[in-house]
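The structures considered in this document are given below.
In the two assemblies presented below, chain A is common to both, partnered first by chain B and then by chain C.
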Partner chain A sequence: MNTRRPVAAALAVAGYVVMLVPILFVVVTAFTAGSTLRFPPEGLSTRWFEEALGYEPFLTALVSSLQLAALATALALLIGVPVAVAIHRGRIPGKGLVEGLFLSPLIVPELVVGLALYQQLMIGFGLDSLTALTLGHTALMIPYAVRVTGASLALADPHVEEAARGLGASPLRTFATVTLPLLRPGIFSAALLSFVTSFNNVPLSLLLQTREFRTLPVTMLDYVQQSYDPMVAAMATLILAGTVVLAVLAERTVGFAKIFGGINR
Partner chain B sequence: MHSRKSALLLVPGLAFLLVGFLVPTLLMLFSPPGTGAAEVFARLGRMLTDPYDLRIIWRTVRLGLIVTALCVGLGFPIAYLLARSTSRWAGVLLALAIFPLLLSNVVRTFGWLVILGANGAVGQALVATGLVDRAPQLLYTELAIVLGLTQLFLPLAVISCYSAVAQVDPGLDEAARGLGAGRVRTFWSVVVPLSSPGIVVAATLVFAGAVTAYTTPYLLGGSGQRMLATQLYAYSSVTVDWASASATALVMTVLVFLVSGLSSAFGRKGATA
Partner chain C sequence: MTSAAEFVGVSQKFGDFTAVDDLSLTIAEGRLTTLLGPSGCGKTTSLRMLAGYSRPTAGTIRIAGRDCTRVPPERRDLGMVFQSYALFPHMTVADNVGYGLKLRRVAKEERRRRVMETLELVGLAHLAGNRPKKLSGGQQQRVALARAIAIRPKLLLLDEPLSNLDARLRVQMRAEIRRIQAETGLTVVLVTHDQDEALEMSDDMVLMRAGRVMQQGPPREVFPAPANRFVAEFLGYENFLADAEGRTLTVRPENLRVAAGAADADAPAGPGGLLLRGTVAHIAYRGADLLVTVDATDDTGAAVRLLCDVRGGAAEGLSPGGEVTVDAREGALVRLPD
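Entry: the complex of A and B
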């Protein structure tokens, strides 16, 4: 940081404090030996990690969350990649409109979508929680698949694919041997983004939960409301550790900034 | 690729979008079960005149604006310093600013309970200094919500501003300096105007996120400091009042569409200017 720009540097430091210090507090609290959320913590222990890992509702919810995130990510890619290919390589009328339509789930507030699916599909249609959640999460993840894989398609030279066709490869073979490898970094970024976004989602998962199927973030919110002990801090620290592993993986493979660059532009 | 064949690629996506998003959302907004569009709009009309509802709408907009100002005010300096830095730590610091985007909102927000709670760090520190006898109420206040939302959306502001500042040629800063402008003047009359498209994107994303966020006002605002999102949840899952839920959802959706529309209008104006 530059000391010749004192005002900017002071604001930047304040920004980092707001972004990161609360996360440190979660970690410190998780290692307390005491039984309340108090600061400074009373002694050091790993008892709350043991409690969290032995707490049945958290474990069930963790499995549910991973299941849902994997399912929604796979579906969003299966549906979104063909859409990206059609938009960037196909001859379809009104491309801008089509792309806008597929990105529209990003604009509508998630809580509004959650309420809509709960009211119309679960109550109105009698869908079970997992089906409604899969539908909703997939619809929300499709924009990531379309935009992020679309960004890597837009960068790739379409002449390579035309050359493959010209040399006699079938459209399917061209897709499998030329287009798909070009798309690999985009698909990886989109998969990572949708998995994490689905895993962390609260608004949809909150409204579409049932006693039989609820995700980890929703279960943790619920727990905080009932009881004020540090077990949630321990669970949160475990999630943090998992997220750090994913982030390092992302940085090593495609680069962090690139993954998020695709969604903002 | 043939036009008919490429249109076929869109079919599964369109089907999912219709069933999993568009149709349910439109039905919920304009034709909730047991009532109709007329009732939703009547409720919307009462909402815009009722002091209780208005207070929630106003709190949502007001806190949204404050959080937007804070995120741009803190995020732009971070983006600016990182984009202009030649230090090898700049990459690490950028990654640290982006990393929270991958982390669960619940995890990020939970920290404030430890900092602001009754036995939290800030309260205990204030008591220890002897300035106050009892820790002041910090949790379940608007201040807590503002802090929580700023933490949540600051990374988004940093990324949007960063990609804009990084595109501004540092040579222009030097040219302005060479022509006699001071550091401060160069910043305000060269760097800021040239990266304004990124600032607008940042402000739009932050505002839209802040006025629709649920976890933060739920955990840090409680039932005393309701915002549109927590109110919407109460209408749909506690009192099951579909007309009020739809009207609240409409207010939230219109609010977000309005800022997105304003932002893209600004983008077009900037492009033609």
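Entry: the complex of A and C
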């Protein structure tokens, strides 16, 4: 930490404390031997982890959430990557408008989107919950795909593709051997961001859930409303652990600087 | 002299803006031709049309005798070096240089051999396994050059290849590019805005302005005889004046001589055919020389401001406001065609 700037350093410490301490409380509480969600924990045990992993609604919801996040991420990338390439490399009129259109889901309140999708898709077209949620989450994730993959293209030398063409590569070959490798860290980071955002989403999932299909955050929310035992803390800790593993994996394979900078230099 | 490439009546319009205006030009085989001019003169646009990155709105481009106007860049077989180098950041130096060979299905062993051979030509064989970002600007430039040369192109196109290098390296690379051209026998087209670079490197230079050719020819023919005021100004002929018949003369600052004191009114012109009286307006110290600004009157009676490059002891007795006599070195006065 930079000790020559005491105010900035103090703010940074305060920031970390505010963000990390509550999480620490949840993790510690999860290891309680008692039967209420309180701090400090009464005794130490892993019984609530066993409970959480044996609790059928959580497991079903976890599978649903993973399924939904994977589907929405794949779809968002499938749409978002070509859009990003078109915006940054194509000769299309009204680029600003196109980009604005694909980024707009970021500013529309999710509850509004959820309600609209509920009325139109589930009631209007009679779609099931997974389909409606996949469409909704995809719409929400597209801005990430467009922005993050676009960033890696915007930072790359625009002449590299021309250089490849000049050396004898067809447009398709150029895309496969130059553009796509330049995009790779961007795609990886967009996938990571989309997946995590979809997995954690509550507002859309809350409105588009059904008895048959419910995501994990919504199920946990339901659970907290009915019961105050530490099982929810244990589940939260497990999700946290999963996220950390994902993050470490990302750091080891690509590196955060590349992922979140979206730069391949 | 056979032609490696030809522009025949080529124009390029972007909306209302005419970047290249009815350009006709022949690039001679085995020579280094520079397209020289200020920014916006159409030199880079011309090069991009030759490379196939931009299609002319009118005219024909021929490469090695074949009409290539509508041929995409990947089928022109040209080597291009971009100002930004445009190296592939995700490949090693060797893979960058081998990229074009791989596309031409050159077998692996042969490819390796040619990559190393080309890297040796630019003096970078020891960096073959590095990524471009680990290299200095000058080294990246050599990689870009090697990548373009490796495919044994019909033409080597260089777009302001030296402008991102520091001054010392730039001067070294001029000679380096000439050496590489001599060793490979390639036809080279080089775009630059730097007249010194063009004069030093070119076999033929083409001066352009507003999408048109202003003058072309070998440096030793163009430099002493600028065809018009634009060319003269661009090549550093700072002084323009009229002779007794009103014809435009131009002379370089280093070819004017300044002596303290006014000459007699009827004194004969010196060996350079010029004798003007004036007063010193300003003296700028530049280390190796002085730039003396003299306000004088030319033979038509018009006021002219002359820039004179004065070296060493010749500056003695000069001071602002002082009366001086200016004459020109023999053969230094150039008459511009009307």
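Going forward, the second predicted complex is superposed on the first by the 232 of 265 C-alpha atoms of A that agree within 3 Å, B and C clash if a C-alpha of one lies under 4 Å from a C-alpha of the other, contacts with A are read in each partner's own complex, and residues count from 1 in each chain.
In the analysis below, a contact is a pair of C-beta atoms (placed from the backbone, for glycine too) under 8 Å apart; a residue touches a chain by one contact, two chains touch by 3 or more.
Predicted, not measured: the structure shown is a model, and the values here were computed from it.
Partners chain B and chain C, once the complexes are superposed on chain A, both fit on it without clashing. By the document's definition of touching, of the two partners only chain C reaches A:D157; chain B does not.
Once the two complexes are overlaid on the shared chain, A:V178 sits against chain C while remaining clear of chain B. Touched residues of chain A, counted separately for chain B and chain C, are more numerous for B. Of the two partner chains placed by superposition, only chain B is touched by A:A8; chain C is not. After overlaying the two complexes on the shared chain, residue contacts for A:I92 are found with chain B alone; chain C is out of touch.
After the superposition on chain A, the angle chain B-chain A-chain C between C-alpha centres rounds to 90°, nearest 10. In the superposition on chain A, A:A169 makes contact with chain C only, not with chain B. Once the two complexes are laid over each other on the shared chain, residue contacts for A:Q120 go to chain B alone; chain C is not touched.
Aligning both complexes on chain A leaves chain B and chain C separated at their closest CA atoms by 10 Å. Residues common to the contacts of chain A with chain B and with chain C across the two structures: 264-265.
Of all residues in chain A, those touching chain B in their complex are 1-2, 4-5, 7-9, 11-12, 14-16, 18-26, 28-29, 36-40, 75, 78-80, 82-83, 85-86, 89-93, 98, 101-102, 104-105, 107-113, 115-121, 123-124, 135-136, 138-140, 142, 146, 171, 196, 199-200, 202-203, 206-207, 217, 220-221, 224, 232-233, 236, 239-240, 243-244, 246-247, 250-251, 256-257, 260-261, 264-265.
Chain B contributes residues 1-3, 5-7, 9-10, 12-14, 16-17, 19-25, 27-29, 32-33, 73-75, 77-78, 80-81, 84-85, 87, 93-115, 117, 119-121, 124, 147, 150-151, 154-155, 158-160, 162-163, 183, 187, 201, 205, 208, 212, 214-215, 218-219, 229, 232-233, 236-237, 242, 245, 249, 252-253, 256-257, 260 to its touches with chain A in the complex. Of all residues in chain C, only 51-53, 72-80, 82, 84-90, 99-100, 103-104, 133, 147-148, 151 touch chain A in the complex they form. The touching residues of chain A, counted against chain C in their complex, run 156-157, 159-160, 162-170, 173, 177-178, 181-182, 184, 264-265.
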